[in-house]
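Notes for the one structure printed next.
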């Protein structure tokens, strides 16, 4: 940690800051410049995070040199974390596609979607049973009924299931049916929820909040990791800006940035980010090109009749076409894209 | 609702949209321009919120004319809502000040603060027992022990208590001690929490999310109101922008804007918004000048030793000075500011 | 300047950075921590601004300790700068109001406005002759004809004139008629224009860009100051955020923040910031309460017929009412508000 | 255009709005709902842009249905515009790479860069002679000397030259040396400059402003187009957000969005957008995958010694590697990437 003090500050006041640092067990280097005094603090500054140095007379700036997260950092673990669920590996060579409707509506809808996204190459079925909706008057999901339908679709197709958990009191129920817990953007800093999910042995897909920095996203991941659950998958889903042609602004630079800062796998949700189905395919390609470990895509047999987010949802044929167009990009960046057919063949061999 | 369709769209496709509107029970006016076809939909469009018109061929824009919230709107109730707790009225003529430390640390700290903010004119004691912290390594609050200290401080001083509830599983416990539930910015869209608080008869102070629009804030209030709890106090606490000299950017235009859109009272938190104690007093004055119904201010007997947010916390003498400087502004805008002494006098008379 | 280097960096690479610093004439303090090496650089680091330290192996962060502007800084000059034009002083005790139409339309409009805003207490007449309009199809101003009308209105009323200059090739012409050059938000970083205005002895009103930080605003002021023109007035006019109820988000914390960082006077434009005339009066009050040295307000005899920005423009009676309501706030913050009548009286005495 | 009026508005006030529309030559459809009155306006609403309907009593919302730009729109011209300069075509099948240093420093630097970026496959040499720098104390460019060096490098290599013009008074000089005028982000709304560039027959590369919406970018293009210059190339270079790990947030969804809205070619600048050289290669790949017509990349023989933006600048070997990695992505999206060698071969044949 570096503490910058105004050069006109009295020695007594400078001494008070140094004394506090000594009390906290730190060695201090003092550099006196013309107009400022700089204190360089040696040692792990984590215990200084809550000391309000700005409240000391003369202090102008407090600059953290160490990253505030540890377990999520590349320094803690340099090799990429892979999350394996059955035969699906997220964070490995394969680009894993998760697809399905925004919200589970009925048996026919979810089964039809599941079969067809599987046929097109998806490995994981997404679908909301508990839906966070901006308005209390929007459809809020089928709740347990929706979870059961997801589980049945898994039985039928062999796809894994990812679905959202919105609150601590839903963890047990959702955990009975889901292979991966999804934490939505609005809950990225629901710390009570994160802590509880950290105590469970089940992967968590953590979406970046609408106005969260990457550092905050990694600190939220740290909440889960620090409780013992190491299977965290990050998800970029667009941040809020002044641009309103798109629903959000998909920050694809977050992908290589996270790869510099952390060992956790990271996927991209181009559907929620753009809010327009015509932009989903190009942004999915870009996501793969930039290095994403997977994609989360909204697909519905009939977007016109969907109960949520129809504007950004792909029809099944459009999704199948997207998968075809993705394939050469996947290869171009040296990744793999195991199609369903090959996959079944692999499974038979094993 | 207005639906704008590209003028080159075939009649059959236009008809599909109109048919869907008829199915939903709406009368439709069709206006054919040179390059676009505009459908004007008559009637309450609430049931159309979840119809994905963008998924229909030719649809270019869907424009909501009715506001998406109802109970929170000025149209539903034109007179300002007042929230009365004992002898304190929020949303009335008085500007109500809530003050106290970011987090309850110990008996001495909270008692000393309570007595002195009361002496300076505050009516409500704030203090966190459960603290949402960006980092899992920061101090997370004294939990029930903190709540008990707040309740004792209330006994001693007659101040009311406002404190944060972070999750549904804390509602019962926090409700035992608090006069007002505070929902923090990070939980503004924790819909499960909002719904449960809507079922309780206790006022809720709802903070605007870091990147929430006013419409989203009012929709979150609607979650509480629609469950039957009408005592909602809104709070502007700064939004996230690219400016980094201040922690957030306090959006004071939100106050008169909310007064145009809603009947709910609204207060301002200049401490979290600015993140710098020197800016708290000027921004508090501006908040009163613009029409805020109250203020939420961080005060600590010794900010240098505070365990959270010391940089933005006022010392008690600075707070007392702030209250003095506020007084003429309060009068200038035709509001009232009942000082503690007068207040006691009033109480004696009654 | 502080340079943070990854602790795993080889000594040879660390040495290269140190060597470069020595070459640039700086003394270096090296602090070796567990995981990072910190170089503290002594001396004025201005000549290091263009050295790309991030391009050196191992460098993780480069932290500037000195502010990048000098002449605009509080350190350079601690007393507030006042800009005096005839008998009007901006940055002194008086809160100075500049009012008038967005754009000069015709003789009747500008004369009527001038007389009436003067009667209500304004000291400076605003009005655009060259208008930066987002669309090439919007009215672009009367150009020299508009400037002449402004000058005539000055003759008639004794008001000063502030008007926008959009490009270097307009400086001479605008300078013939204006008392104060206005540089609009879109031109805050038109550095060629700023440099030329720096060579002239006439005050410049510099508006903050739509997404400019305070540091960038002060650096733009520095462009003018460094050429020799010390009469710079800053103007906060709202920044762009995701909120769309208001046109921009007026950042009133910028006022006390600028007062901490700089000696330059700063005024507020609540008209462009909010884009809604009903919000102008409350925000003007807040601006005065927070410490603004003046206001810039759009007024038009008939906003419904105005050729630009009618939605945010006050009628003359509304403006007169605003001035009345401002008066007690001005007093409450210990400022002065010399009404036109008093002013004439003062003038007679002198 | 759609005008929404509060249902409680008196008939007389509604009539005033309708009358104004009639005066402007428009047919009006009135739709009366329960709580609102909606006026649908038939005909090209362009002449209504400057009518301040919000200033009329009762008007709640004014919704533009037609796009405010015309010549830049897809509706005006559905086929993609190609800009051809000598044998280079921008907006065609080929992905065109523009590369070079941020700023021209000396003969050796620019010649070495030119030769090597050409060898790696670039078609256009970039380099600043006039540099807009946030601080007046940063290096501002070699001015005409720099332009001459660029022209000499063109002679030697056959590369085209793109360089920035910052002000109307530089147009003639820059035009003598450049093949493409670059308008920087800070000048996207320097309307005087745009208009003058519209009168010249030379392509203009127009960068999106730091907080400009796509609509504003297209309106700025419209300024150039409406003066008769149809050779406009748009450039996405990152927008300003709260995220600070990257310098800006590259908005890649802007590429397919612009392709929906406009016929103009669009390229991407991943160097300025990210501000970190390690992120340039992945973002360049993503840009091609999403459909960009070209790239603008900063390259310098020795980034450590560069006088500007060294942190985001690629070394020549890194650039050559980037070009190799781009190649399969270019093919994957069905575009072409004519390498220098093939190009020379083609030239020989012709």
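Observations on the structure shown:
Order of writing sets the labels: A, B, C and D. Residues in every chain begin at 1.
Criterion: a residue touches a chain if its C-beta (ideal position, glycine included) is under 8 Å from a C-beta of that chain, and two chains touch if they have at least 3 such contacts.
All values derive from a computational prediction rather than experimental measurement.
With steps allowed only between chains in touch, the distance from chain B over to chain D comes to 1. When the contact pairs of A-C are matched by residue number across A-B, C-D or B-D, over half of them reappear in B-D. The rotation relating chain A to chain B, fitted on Cα atoms, amounts to 180°, rounded to the nearest 5.
Mean C-alpha positions place chain C and chain D at a centre distance of 28 Å.
The centroid of the Cα atoms in chain A and the matching centroid in chain D are 31 Å apart. Of all residues in chain D, those that touch two or more other chains are 211, 240-242, 244, 276. Looking at the complex, you find that chain B touches chain C at residues 211, 213-215, 239, 241-246, 249-257, 260-261, 273-274, 276, 278-279, 282-283, 285-291, 328-329, 331-333.
Against chain D, the residues of chain C that register as touching in their complex are 20, 46, 49-56, 68-69, 132-139, 166-170, 186-187, 189-193, 195, 210-211, 216, 219, 222-223, 226, 240, 276-277, 303-304, 306-311, 313. Of all residues in chain C, only 2, 4, 29, 31-36, 38, 40, 42-44, 61, 63, 65-66, 75, 240-242, 244 touch chain A in the complex they form.
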